[in-house]
């Protein structure tokens, strides 16, 4: 493919790691500006902090508020440099494994405090 | 054996669409009130769900993207979020109703009030969804639900009015004493129930759980073209026995116990016991389907790791949504809301959001960039477009009909 | 100039350098340069914007006929690609 | 049901009252027909008691629905006076049928079944007449 429509091909698409495991959605795309002032595709942003602002109105506020309360907000969205993208088709595939990326705090928190404490969670 | 069991995902999915707690009663009730004059809606529903489940299954086999993934991608975040909220609520309240249905089935063999069974059923459901493998659940409840075939047997054992039934089926108009508004209200809710959105959520996610690829396309089609017609056939049998037993007496069916009565009349205690076992399996199967679907849609909207193929600790957010949904379902029922009424209202509301789920499936099934040579053929597109129009019409008519008829009064 | 996110562009009003009103930004087109960096080359502007176009802005969507017709008509009439260098993004909503 | 409740509040006119009466009669009709059918079938005991319990509950609800509103004129008073004995009879017969079935008294089961059929026909006529 020699060109991409950012909104169509990237935004809201599923991101999977090199083994096909879910990483998140492309909640927002970051464009960098180089020395000459020309914009380029810099990174994919994942997380409710990136997603919330795209939804205007009460639904967006609800979502952002919920995310804040659910302590997913502390270190900002997950930023995946575009260099790590291997391929874009029905999903955005990364060239790395999920473990190398920062895990969303909500996932770790729920595992530690709820799911991981229920017998049989590792089976 | 593997080949023989290859269609259980389709069966289990179809159970949620055709013989869950709401449908068990709704099919019998429409048989009692209209004879077989609404049988065509079931036929139409089977064709529609087959067409769309096949598309959704094909998309999953080729791209591994389940339906709610496509919903957000094609409709954009805002519309998809509205669809998410609506679909989640419909699915959650249906889950609550199914828990009630399982409890009602148990009440029929214990005469202990269903409300006391609800927490027990909820707990057992959650344990099953936590511990048992997806394929195992699918096989047990898909196959066990098939014992509802007892109503087909009952139909042949009942003193025959076969010609009457044919006559009713071939004259699709309100029977004497009924009016067109009520007729169409029943038609819309039977149709919406045949195409409830959680069926495609569950079926497509089930395809991912079972790791379908292009080589499983034939298996997927077997699931669709055996599973859904079987489910629809069971609903038709329920409608027919009720048309035979209750319709001539001008009596309506409002409780699960009455739904089983024709089986007892035709086949005695054994028939009754099998019918109740079938109710149990079908409602429990539908509870699994709706419980998982509630968690699937949320996880797929946000892109979280999901599914029973992962260890629960590797999908903590998914399993949290699942746990919370089951708890909310239990709480909803403990308000003593009538589970049967609940599903019927949910059907009407789900009719309203149906187009937001089915449009993206149709669009993606035509996307060569995704499916290559597996895009829709002419037939699939013709059926898809016709049904999209019908779905939109049903969506538009659902609430006005509910209001003018006082919900089928 | 600091970094952008697409929300800073999509949905915003676009003008031609010459001052001509173009519409609202519907999508951002990127293509790789010789070093492999994906650079913004064009904007897709539409007038008035029609949310997401279900993917019909590409050629890979083949049917069904009814939807293709609807989408193509809407696209032909209302959207076009403009080179990035020729566009100025405005904030005001006069043309909403 | 929720909408049904909304309809039932507030003072009603004769038409509304007749509509309510027909609904009550139809609910009782469903129950007595079910009872009469059940008397013919071989049933499991817990099922029979749950089924008939549900039918009794339905008749009780129908009575309550009918009596919750005052009839607005003499015509509707007449409607009520026709229906009420049928509802009462239905409740009595269903209750007695449940008892007879639980004790296995076949003669009594047949007798109550006959009464339920008769009540069913009368309720059916009532529904036909006032619908």
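Quick notes on this structure:
Note that the chains are named A, B, C and D in the order they appear, and that numbering of residues resets to 1 at the start of each chain.
Assume contacts are C-beta pairs under 8 Å (C-beta built on N, C-alpha and C of every residue); 3 or more make two chains touch, one makes a residue touch a chain.
Remember, predicted model here, so these are calculated numbers, not experimental data.
At the far end from subunit C, in terms of centres built from Cα atoms, lies D. Compared on C-beta pairs in contact, B-C and B-D come out with B-D as the pair having more.
Separation between the centroids of subunit C and subunit D, computed from CA atoms only, is 67 Å. In this assembly, the C-alpha centroid of subunit B lies 41 Å from the C-alpha centroid of subunit C.
Once the centre of each chain is set as its mean CA position, subunit B and subunit D turn out to be 32 Å apart. Centroids of subunit A and subunit C (each the mean of its C-alpha atoms) stand 23 Å apart. The set of subunit B residues touching two or more other chains comprises 76, 369-370.
Across the assembly, subunit D contributes no residue in contact with two or more other chains. Each of residues 11, 54 in subunit A touches at least two other chains. Screening every pair of chains for touch gives A-B, A-C, B-C, B-D. Listed in rising order, the residues of subunit B touching subunit C in the complex are 74-76, 79, 359-360, 362-364, 366-370, 375-376, 381-382, 384-385. Subunit A makes touch with subunit B in their complex at residues 11-15, 20-25, 46, 48, 51, 54-56, 59, 63, 89-91, 104, 106-108, 110-111, 114-116, 118, 120-123.
Those residues of subunit C whose C-beta lies close enough to touch subunit A in the complex are 1-7, 9-10, 26-32, 37-41, 44, 52-53, 55, 57-58, 84. Per the touch definition, subunit B reaches subunit A in the complex via residues 63-65, 69, 72-73, 76-78, 80-82, 85, 130-131, 301-306, 311-313, 316-317, 319-320, 323, 369-370.
Taken together, the subunit A residues at the contact with subunit C in this complex read 2-8, 11, 28-33, 37-42, 45, 50, 53-54, 82.
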